[in-house]
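Note that chain A is present in both complexes that follow, paired respectively with chain B and with chain C.
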Partner chain A sequence: MDAPRPAHDPEFLVNKTRVRVLGLSLDDAVKFFFGGNAFISVVVLTLITYFLFQEGFGFFGQNQRSLLTYRQAGLEYVDFIRTQESGHTALTRYISDLRLRQFNELTTVRKLDLEAANAQLAAFDEFSGQFSDGVDPLRGLLSDLTEQATAIKTKFLVAEDKKVERQQLVDAGKSVEAAAVKIDQIDFPAELKVLTGALPLYRTASAEFAAKLTAALAKAPTLSNPELATRLIRLRELTSDYIATFPATLRSLETWDYTRPVPWYQSATSFITGRQWLTASFWQDWYGIVPLFMGSLMVSLVALLIAVPFGVGAAIYINQMASAREQRIVKPCIEFISAFPSVVLGFFGIAVLGQALRLLSQQEWLAWVPGFPFSERLNILTAGCLLALIAVPTIFTLAEDALQNVPKAFKEASFALGATRLQTIIRIVVPASLSGIISAVLLGLGRVIGETMVVLLCAGNRIAIPDFTAGLAVITQPVHTMTGIIAQEMGEVVQGSIHYRALFVVGLVLFFLSLAINFLAQKIVRKYRISIG
Partner chain B sequence: MNAPDRHVFQAQANNARRWEAAAVWVFRCATYSVLVCGALVFGKIVFQGSQTVFTTKAPFINTAFFTESPETLHVFEFEGKKMELGDRDFRALKAANPAAKDLRSETFVYSAGGIFPAIAGTVLLVIGSMTIALTLGVSAAIYLSEYATQGRLVTAIRISILNLAGVPSIVFGLFGVGLFVIFFDWNVSLLAGWFTLALMVLPVVITASEESLKSVPQGFREGSLALGATKWQTIRTNVLPYAMPGILTSSILGIARVAGETAPIMFTAAYAMRDKLPWEDLTHYSDFVFQGVMALPYHIYVVSSKIPQNEYTERVQYGTAFVFLMIVALIATTSILLRNHLRNRYRW
Partner chain C sequence: MTALNVPAFAMDISPSKPSASEARPLTTVPARATSGPGGSSAPVGATLIDIDHLNFFYGASQALHGINLQIEEKKVTAFIGPSGCGKSTLLRCLNRMNDLIEGTRVAGGKIKIRGVDIYDPTVDVIELRKRVGMVFQKSNPFPKSIYENITYGLRLQGRSNKADLDAVVEKSLRGAALWDEVKDRLNSSGLGLSGGQQQRLCIARAIAVEPEVILMDEPCAALDPIATVKVEELIQSLRERFTIVIVTHNMQQAARCSDKTAFFYMGKLIEYADTRNIFTKPSNPQTEAYVSGRFG
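Now for the complex of A and B:
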């Protein structure tokens, strides 16, 4: 026990002298260094989540206040009337469409010259003039109220700014200056009297409007063409439906109450279900993700519809059918396509593909294709085609890997039973690697939905939900996307403003969407992996 | 019934075989149409771009395009001739010629001069971010392949890497804005761009490095350890030298990705236009990393979206796209060829 330990353990001849710093040998230090570096990926993922939340989370509070102001300043009240007015605008658009059709028929079928055709349409023009003028009393009232509501809102915002200014002065310790900042107290009930007081005016205006519409319709001319005549009947129906909504508008105006609180969840639901993304407007900014999400979704779907047959088809061909030499040549070529920078593809879309597709759509013999001809050069289809070129290499590489992993014995067994090559591929190889192929498609989707430059340059950048009533022609409409809106607006927003934070929330949605797609892809691979043996 | 000279085992032309032949052709067409599309895009840009980049007179390369800064193009009529001049030459002409004083011109921004600052900026961005990414990525890969044992931490790291690989590049851009530009207060700078790009490409580098480390046979390590070397000595002398070529080649693909991305640098590092070159007029050496730069991909975005398309602007648009595509394609081809070469060389 007491005996001193021998300096060297006699059992071992080799003795590694180790320098220890802070209790760590060199080896340990190296290990920790490498481990620390490896840990960085975890840190980065956490930081991404944290910073997206940190910058984005304030959006919900700010949006809540914005919605509250919208109600308190009476903007909501005025918007009831505005909705009613815009309904009328839709009807007049229907009428001018009707006139255009009639005009076309007169000039092309009955071969009238322009003046004669216009003369024929004089009665119709009178009717349409009456119909569209009917809204005048309502429109006048609306523009008055709009001005008043804007004034209230401005007053309120100025007061809010002053409050912030005072708080900043107080924080800076300048209490005298802070006291000097004058804040107008907004007396909402008194201010809103102007708006609510206009209710009797609205009643008369609305009644007059309804009467004028009915009168105008009663004098509607008859159209000779049976198809156009049914359209006119449809217009009558639409108008009477429209007039039937007036009492509901009146009721919402009567029961409107500016003190009704905005529930806490509404700022989130108005973001998730909002159908408008409207920024920098004089009236009210709306941050609704639906149009952007639908845009991203439509573009990605079109891209996948094109890319999946080609990507998976090429993978099957290269892996199962092609000769070794073909494999050696084609595989690097497809990998090479994946190296095309997306911004170059986007430029190609603007410079060449958009125009080429439009020209193609205007060919006579392609008129049967839904949506053809189209006039917008940049639309879902243009962006989708280019994104497909981006997605094909991803899908090809991953699907090829999956096919490669199918055990040889499966194939041999199938051949031994007398199946042909095609039968083996379709019944054995593809089903066996289906999980891998599906996850390849999912990862392709992830790649496409997160792609920025192509959609920013080629999707048309119109912030609107695609009009699905157009059927398949929907793919020829321009849209805006989640990635595109961030890239486009991030450079222009004020840091910390509600718009800035809204963009971060869109980023957050994208981030979690990509995580979900990734997770699903991994899960599918792991769950349905082929076990050999 | 059968033709008499038919061999018993000869393939019979039945329906199944006809179907198969048809199917092979369908799949073959799918494959080659992808290649044709790629070739069309590539060919169009090469064809149009080479008209800007190459000239018919010696030295056959438009050197001004590679060495000058972008300028505004002036198109005007002077003394009965239609002329096109860059901004500087146009001013010089006005100063030299009294008759030209009130000359009116049509202007197109960025359409004259060259793209040298953008090339320089891209090179700087790539060098810096790849240095960071390789340091972090190779170390991480060494840990994962040599040291790590199955455990919660390693599982977490692997899951993070997998998920990071799927995060859209624009989200990395937002993250770069949040962390580097605002939180660290680096503003729009090379440094912010370096880190944003490096973190974006990190999963690629880690996965590629780990793969080549894993392909070094276990016997190499065991032999070294049996001779009494420490773990670090083993890695340094017996693993890394054999894995390094593989690591570097696969990382070249990472370079192609870094050079090609626009979204992450839009708000972290790139300026649409900057007169000074990155190494000019520095008051302090640290200013170098705290300045924004022009970058080729961002320049393409700017010239293709912010200026109209016509015969005058087309030259710079296609020229820039051509140069950029060539750089990226060169990097990618090198990587693909080297990798195929290595695969054949090392067979343990």
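Now for the complex of A and C:
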């Protein structure tokens, strides 16, 4: 039997000349390098997500406390009356509008000069004055109560600050100083007596208010123009409806109880369904995402409405019809659009596009377009046009890829059956790549909804829910967006404050929105991918 | 080198051979009366496609050199030859599918179908392709239902009568020997069928538009032996209604299904004769070498 060949047989030492890096073979070193990079990116992603969640979720606790203070300090109580008062403000606006119309009628149709027109309107003015003065007793009460509620809230906040101060001293080990910090205990029932004690006053004020309105309406002058007369009738209806709400307000005030707890979910629902984003207010801050969400949504929709026909159309043309020369020229051009820094686009939007659109809207021959003319240079339309520019390269490139992926065999089969090029495109190529095109559009949407600079510069930044009663003209209104609000306010907020955390929650909403859009896009592509052969 | 066992001139169309599709004009101008030189000699079958000194280029490289070939009506003609010999190129010239490839051109020579030069500028390519159908090497049903696959060609022509379409679907699927296998799932996707079924679906789709000629470009290359047998049987049954031109790598297949065989080598037609003769007593030594398996 042969002796086994020794392991160190020189002819077998194939490893002898291997390069070693940090004690690893070259292969292993390369592997660890790339593996390490991948690992770091995963870790960073995890950290960012964790940070986002940690900062964001703190909001809900703070918001609940804020809502609790709102109730305990009696702000909620006062706001019942405030709502009633703002109803009256809306009615007086209606009356001013009526006066303006009547005035225009007098000056343009009846050709009266200004003085004569104003003289004609004297009776109306008297009525209008009585109507708007009617609120005075209520308004006086409201302003008193507002002051008192603010005082209670301030006291409460000071006490809270003191608590924090003491806690900080205790944490720093200065227990003597900590004990010296005097904290006023807020006796809410006693403080609120001032507010609830005003209920009889409110009763009389409210009754007086209702009586004054009715009296004023009884003496309303008649308007000759039938259209304006209908409006006056409408005003009567609105006013009587308005007065009919008074008992409900009274009931709210009577049954109001500051000890009623704020349910845990209300901190979330008040954010999700909140119609106001009001910060740094002397009264009460509101963090409602609806106006921002609607703003983002409207801007994105307008952008997609413009970008989809352009992007998909260009992709179909370039992929299916263009000559090789056209492809060589047009493709890089469209892709080059994405090379513009978005701040440059935003600047262009302010300086050129917004101006141009407004000028265009003021042309008389375009007056039939809904929303034209408009006076706000920066609005949904301006921002949407520019965002479309940002979405087009994404949609174009991905849709073109999808068209490219349609097997050539489908086209050949179609041609061999006597189809024209247009028939082949419409009946075979586009349906076969539809999933890819839809996902291209979705990714374009993702791109648009996350875009910040353009909307910050061009959307107008008015925090208000777009007024959909205006119909299509809604797109000429300025809005604020979720991305814009973060960029605008994040630099000014106190770290850890409720406002700071509210911005993080808006960030979270954006994060989940993007995630959902990307997920959906991938899902669509996977599910409907066509395999052949 | 030109074809040997065929008449050296084109054959006039026989007016006594009416076709269902003759009512549709191939050109927008009246077809010119064509007659080959001395077109009175009578071959076995009537010539349907007359390829006359055809030269074809891919860019600068010549793929076909002076091809002369007469394809007879209601017969199966097989094109054989080693890879790159130009047989598929010639096939795709017959319905101008090569037009879709950039840089291709016919330089000299003519292809006449029923006497009409199909490369004439007045020819409507769409109409040509309706009359010269094609089945490809790789089955390529559309990502649509079986029913829609069959009716695609008809819908292109604007036919949308449901009963009409239903009848055509059944007739075509029966014609392609697929009816019994798919009649219960006409609305499921054509891509869900097996490879052999898909290829027969493609044949059904081609015959649904009632072409005169069906071009088959290696229709069995991607099929297993059992599916291949079915398609070959199908070709046998289709010869009664259609003129079939089939490109194949498989010499047994050519021997089994075709009436006439053309052997190509290096872009030239080496020999064209009755299939029997090509495989038993080829007149050209190159043909003999190829069919006996010594090269290719």
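Just a few scattered comments:
Here is the rule we use: the second predicted complex is superposed on the first by the 509 of 533 C-alpha atoms of A that agree within 3 Å, B and C clash if a C-alpha of one lies under 4 Å from a C-alpha of the other, contacts with A are read in each partner's own complex, and residues count from 1 in each chain.
Please note the rule applied: a contact is a pair of C-beta atoms (placed from the backbone, for glycine too) under 8 Å apart; a residue touches a chain by one contact, two chains touch by 3 or more.
Note that this is a predicted model, so its numbers are computed, not measured.
When both complexes are overlaid on chain A, the residue A:457 reaches chain B alone and has no touch with chain C. Taking chain B and chain C in turn and counting the residues of chain A each one touches, the greater count comes from B. When the two structures are aligned on the shared chain, A:423 is found in touch with chain B and with chain C.
In the superposed model, A:415 lies in contact with chain C only, and not with chain B.
When the two structures are aligned on the shared chain, A:48 is found in touch with chain B, with no touch to chain C. When both complexes are aligned on chain A by C-alpha atoms, chain A residues 420, 423 touch chain B in the first and chain C in the second.
Interface residues of chain A, counted against chain C in their complex, comprise 324, 407, 409-420, 423, 427-428, 431-432, 530-533. Chain A makes touch with chain B in their complex at residues 14, 16, 26-27, 30-31, 33-35, 37-42, 44-45, 47-48, 51-52, 54-55, 309-311, 313-314, 316-318, 321-322, 330, 332-337, 339-348, 350-352, 389, 392, 396, 420-423, 443, 446, 449-453, 456-457, 483, 486-487, 490-491, 495, 503-504, 507, 510-511, 514-515, 517-519, 522.
Residues of chain B that touch chain A in their complex: 16-17, 19-20, 23-24, 26-28, 30-31, 33-35, 37-38, 41-42, 44-45, 135-136, 139-144, 146-148, 153, 156-157, 160-175, 177-179, 182-183, 199, 202-203, 206, 228, 230-232, 253, 256, 259-263, 266-267, 297-298, 300-301, 304-305, 309, 314, 317-318, 321, 324-325, 328-329, 331-333, 336-337, 340.
Put simply, chain C touches chain A in their complex at residues 95, 97, 100, 102, 126-127, 129-130, 133-134, 136, 138, 140-144, 152-153, 155-157, 191, 202, 205-206, 209, 222.
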